[in-house]
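A single structure is presented below for examination.
Going in written order, the chains are labelled A, B, C and D, and every chain counts its residues from 1.
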Amino acid sequence: MIRFENDYSEGAHPLVMAALNETNLMQTPGYGVDPICDRARARIRALCACENADVHFLVGGTQTNATLICAALRPHQGAVAAVTGHIAVHESGAIEATGHKVLTLPSDDGKITAAQVEALLQAHWSDTTHEHMVQPGMVYISQPTENGTVYTTDELDALYRVCREAGIYLYVDGARLAYALESEACGMTLPELCARCDAFYIGGTKVGALFGEALVLTNDAIKRDFRYILKQHGGMLAKGRLLGVQFDALLGDGLYFEIGRHANALALRLRAALEELGVSMRYDSPTNQQFPILPDSVLEQLKENYAYSYWERVDETHSAVRFCMSWATTEAQVDALIADLRALLQK
Amino acid sequence: MIRFENDYSEGAHPLVMAALNETNLMQTPGYGVDPICDRARARIRALCACENADVHFLVGGTQTNATLICAALRPHQGAVAAVTGHIAVHESGAIEATGHKVLTLPSDDGKITAAQVEALLQAHWSDTTHEHMVQPGMVYISQPTENGTVYTTDELDALYRVCREAGIYLYVDGARLAYALESEACGMTLPELCARCDAFYIGGTKVGALFGEALVLTNDAIKRDFRYILKQHGGMLAKGRLLGVQFDALLGDGLYFEIGRHANALALRLRAALEELGVSMRYDSPTNQQFPILPDSVLEQLKENYAYSYWERVDETHSAVRFCMSWATTEAQVDALIADLRALLQK
Amino acid sequence: MIRFENDYSEGAHPLVMAALNETNLMQTPGYGVDPICDRARARIRALCACENADVHFLVGGTQTNATLICAALRPHQGAVAAVTGHIAVHESGAIEATGHKVLTLPSDDGKITAAQVEALLQAHWSDTTHEHMVQPGMVYISQPTENGTVYTTDELDALYRVCREAGIYLYVDGARLAYALESEACGMTLPELCARCDAFYIGGTKVGALFGEALVLTNDAIKRDFRYILKQHGGMLAKGRLLGVQFDALLGDGLYFEIGRHANALALRLRAALEELGVSMRYDSPTNQQFPILPDSVLEQLKENYAYSYWERVDETHSAVRFCMSWATTEAQVDALIADLRALLQK
Amino acid sequence: MIRFENDYSEGAHPLVMAALNETNLMQTPGYGVDPICDRARARIRALCACENADVHFLVGGTQTNATLICAALRPHQGAVAAVTGHIAVHESGAIEATGHKVLTLPSDDGKITAAQVEALLQAHWSDTTHEHMVQPGMVYISQPTENGTVYTTDELDALYRVCREAGIYLYVDGARLAYALESEACGMTLPELCARCDAFYIGGTKVGALFGEALVLTNDAIKRDFRYILKQHGGMLAKGRLLGVQFDALLGDGLYFEIGRHANALALRLRAALEELGVSMRYDSPTNQQFPILPDSVLEQLKENYAYSYWERVDETHSAVRFCMSWATTEAQVDALIADLRALLQK
């Protein structure tokens, strides 16, 4: 059985594990105030070309989103997201559990536009009963999205402009950030991202770490007392060093970006092979997740040897599914999948 | 510099790291539903002699406490704890953030008694305006406490009886459980603990794991839909296998208990040496944390070579401090500390 | 200026005011445990033919909804509502502030169907990642809806059946209940309503009271400790007698239902006149709210003498607006409105 | 039976009822934006000599406290209060339900001092683990306190100075404000109060209104978007005019202060008589609540004809109880009570 159902099926990239092993006996203070965390933070600030950013390390994505949104919003505000956004659908109500509504915008491919946000803000403020409604206080997007699609620098720019004009925050969930940054379709650098939002995170869990997300805060208003809120949300790891070590290993020598390129290349290899076989893609994803539309009969047979994620029904005999590539995926695994899919499709 | 300020200064016990390294390339489903987690859960049920228990793995203690309490209480209920309890003092309001008050009872040594709980319940229910007050819905204790002290089986028995009679839960925070179970003063086994509460956790972070707590639910009312609440609180680790691997390594061959004995022995070695030197202890701790009362002048000099936790002022020239022992603490380190303390005290 | 923009523009029905005046100097215990509240509760139980119901009096609708939903749901559950439902749109996030998501279903006329609820439940439980999503724990409907439309007994029956089969609650917001019960299109009695849901409220604020809602709980699981949660949500009025007096006056002699008939009749009079003039209605409302689609030019002139609620744009030159009738609306006021509308439309 | 158990046993002062009756048929917009509310707000600003204050009307005290505290604090902050404070004891966890801890200070008479607050702030900020604790974000006091005692202008001044220096809010619960302002021991005017805190409320429920509290916000940081949070907490009354009418009647012609003097005078009459009889007072209250310590045998007989509030046991045969005076209490009622107490005590 080869597992393609997500990008966190294995442990950490060997270089990350090596760093954890090497530092295992080192004695450090807890809670992320050790020298290795400091070094990782400095690296991130340098890579982002943003010396004033605050960097906090958390364990997972849901925790990171809930903590950041809770810290940023006032009680009557909500976070605007695509109807398919992770906070809208896949966090068991973690945002609502902190008291905030997720205000959704329609989206077919996981992205939302500046025009949509502008219209929503306009609708809110022009309504004479707006005090009876949740006030939009932030826009949440994922880069890449849950559907593998990416925002270009221009698109992000437009979103950030709308947000600043309205005095609300723009927050970017980068659970799979490496795959966006290393995608040609995206063409965005870390400093470009960092300059176009109030907060974002560099995802580790889905890009070669055992676990861990590096949250970058650029807006001073969000920075204040953040560590209290981190602790309150159970996000302050006792052996905080573990997070610093991993990000230090991932970012010190370009490994993070290399993983992004590796997984993207394998994903595009799969996509090209499938398109050659006449298979359509549910989303136009240039990143490590691919969503082919396949006959149910093929999927049924495929699952004997491959794990994939079921996505959604497309018509009576076809479904969209997801295949993910990670640092651990090999060319051989992808080629095996392609060969088996070809055989099944041509039967 | 030798660090005694807590029991999570280093990484994981070598056997735990070895298990993580060995399984690093294994492909598993995420979120704790993999075979290794299942094996670790089975081990825990067997060690607790409780086949019906549900076992969930979480990353850290604050997260575990907030998730369990949120799952167990109705909105108008609070958790009763010692005024020094971890949830009362050291979780940045994590319990209140889920909407629940921590109802505190006075305590000098970190313990609370069945009689105190009974009196509080009696006071609540006999007050004609009790609907205007937070209803006690659970008793929270730590075994051992934040002060290193332990509950005997009889004491736990009495607390559980009072709770059952009142129809409220008893929850035991076992962040340092191994140190209590392996302490002669405690004399409690895992099955004895498990039979005397509605939920408890076997702490990993402070007992040799990189991170991780194993929450054991014995009361059916708390079990229902627990994984939703786990996810909502950011406590469902994507690479869930990591938690299973660690508890499997810790519990498979008695390592967890061995670590408890090792650290307790070193702690008692320090205590004996200090008492011989005429030093008093702030608490009568039979576990891995010791709280000597030392002259401020000695502490000032000591901190050049040793990290310890400042606890509280005792009089104008003395303070209580905390020294912790862990799996990684060596006899040589403790003896160096003893020698230096002896020299400083006898100057 | 004549105000039709809502059904709470004036104070209380004169008989309600008279009862408040008569009892003003009476000394009673506070918080709703006085003899007049008890009498009002007994009346409600009798009118509902439900001797086991618990009745609680609250001040307003948002408070009632938030308190009930908070009392009924566990932390990971959400309330299913029409996308236009009051809790989804017009309560400033009051439900989310108690930690719960509002799960919305599409609706054009304010109603949702048993089939929609069934499909949503099916989608939730058949998703293998359902633990990552908010669990539907309750269905919330309004009778009549915010659009003036009503559920028939059969429709309610079907909804309740789906809810019971799934083990979730059905809660009915009766802010304007009298107008539904007295509408021929609805044809539902209080006992019929009461037997087909787990909780509902008899709205007073919009039906002749100064303020006040009578919440009726029929499901034992919700009843427990409800007064604590009432107090916690600021819903326990100190001079609780005021609520009992008003509901006693409204329900003692049929006044509540008479107000419903009075306002419905005036609303249908307006509707008939407008339809005769060729005006379409945005919703097919048989109750006290009417939503004609009128030319913007007419609305512009109309607002010099009449207050109405702007509802939504229909096309480039037409908008839907709302006219509400209440106990205080007179035939003369409606006829004046009709005459002026006729003149404006025929210009 | 004469009821002295609280100051909200009757309805509203006749002049308040008259104003409600007179305006009953007036048509106004809802939610507190009508001309009468505006007039009442203007009166309050003038009486407070604070033209920049924002004034919001709410229905009850618990709601007012929870709404204000929720609006003012960030998620990791708590409200500092006397251990006997209303928010600490008598609101069923309403503050915790908004996510905030109540940080308590010891108090025997209901008051807390600037020195206590300073020490608590000092302890928080000097603790190296303060990020693991709830940050004090506000001081909450009651004027008068739940024990009838009052803060002098100097005492309030000192508290406000400490708060401003620490950058935290001072909020004054004025549920019974008239009784403090009209007490000679207090000697504070509304402008003096208003200039020494960030927010306070002028209580109506316990001073002659049917219900209602007027919240005065002087700190700009709290004012922003307050009406959203008001609505979210169920505190925005649909027929908002009712609150404006009552405060307009209470404050237009000095009635509010007159009620304060009336009830205080009767309370002091009772106190003088009891002290003459050798009865001690549990608290030194110069306001409308008196707390004599009486023999249990006397209390047992007294309750056949008088309702009072049981306060606490003092010794094996004596208890402290509370007698409250209100606008409705008559000299004859107090004299009857005195006569009966005298007879019982002298038996």
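We adopt the following convention: a contact is a pair of C-beta atoms (placed from the backbone, for glycine too) under 8 Å apart; a residue touches a chain by one contact, two chains touch by 3 or more.
Source: prediction; values computed, not measured.
Relative to the C-alpha centre of chain B, the farthest chain centre belongs to C. Each of A-B and B-D has its own count of C-beta contacts, and the greater count is at A-B.
Chain centres here are Cα means. That of chain B falls 42 Å from that of chain D. Averaged C-alpha coordinates give centres for chain A and chain D that are 50 Å from one another. Centroids of chain A and chain B (each the mean of its C-alpha atoms) stand 34 Å apart. For chain D, residues touching at least two other chains, in rising order: 75-76, 91-93, 97-99, 131-132, 228-229, 231-232, 236.
Chain-to-chain contact here is organised exhaustively, every possible pair of chains being in touch. Interface residues of chain D, counted against chain A in their complex, comprise 31, 70-71, 74-76, 98-99, 131-132, 135, 225, 227-232, 236.
By the touch criterion given at the top, residues 75-76, 78, 89-93, 96-97, 99-102, 128-129, 131-134, 310 of chain A touch chain C in their complex. Across the complex, chain B is touched by residues 1-3, 5-6, 8-12, 14, 17, 20-21, 23-30, 59-64, 66-67, 91-94, 97-98, 205-206, 210-211, 228-229, 231-239, 241-242, 307, 328 of chain A.
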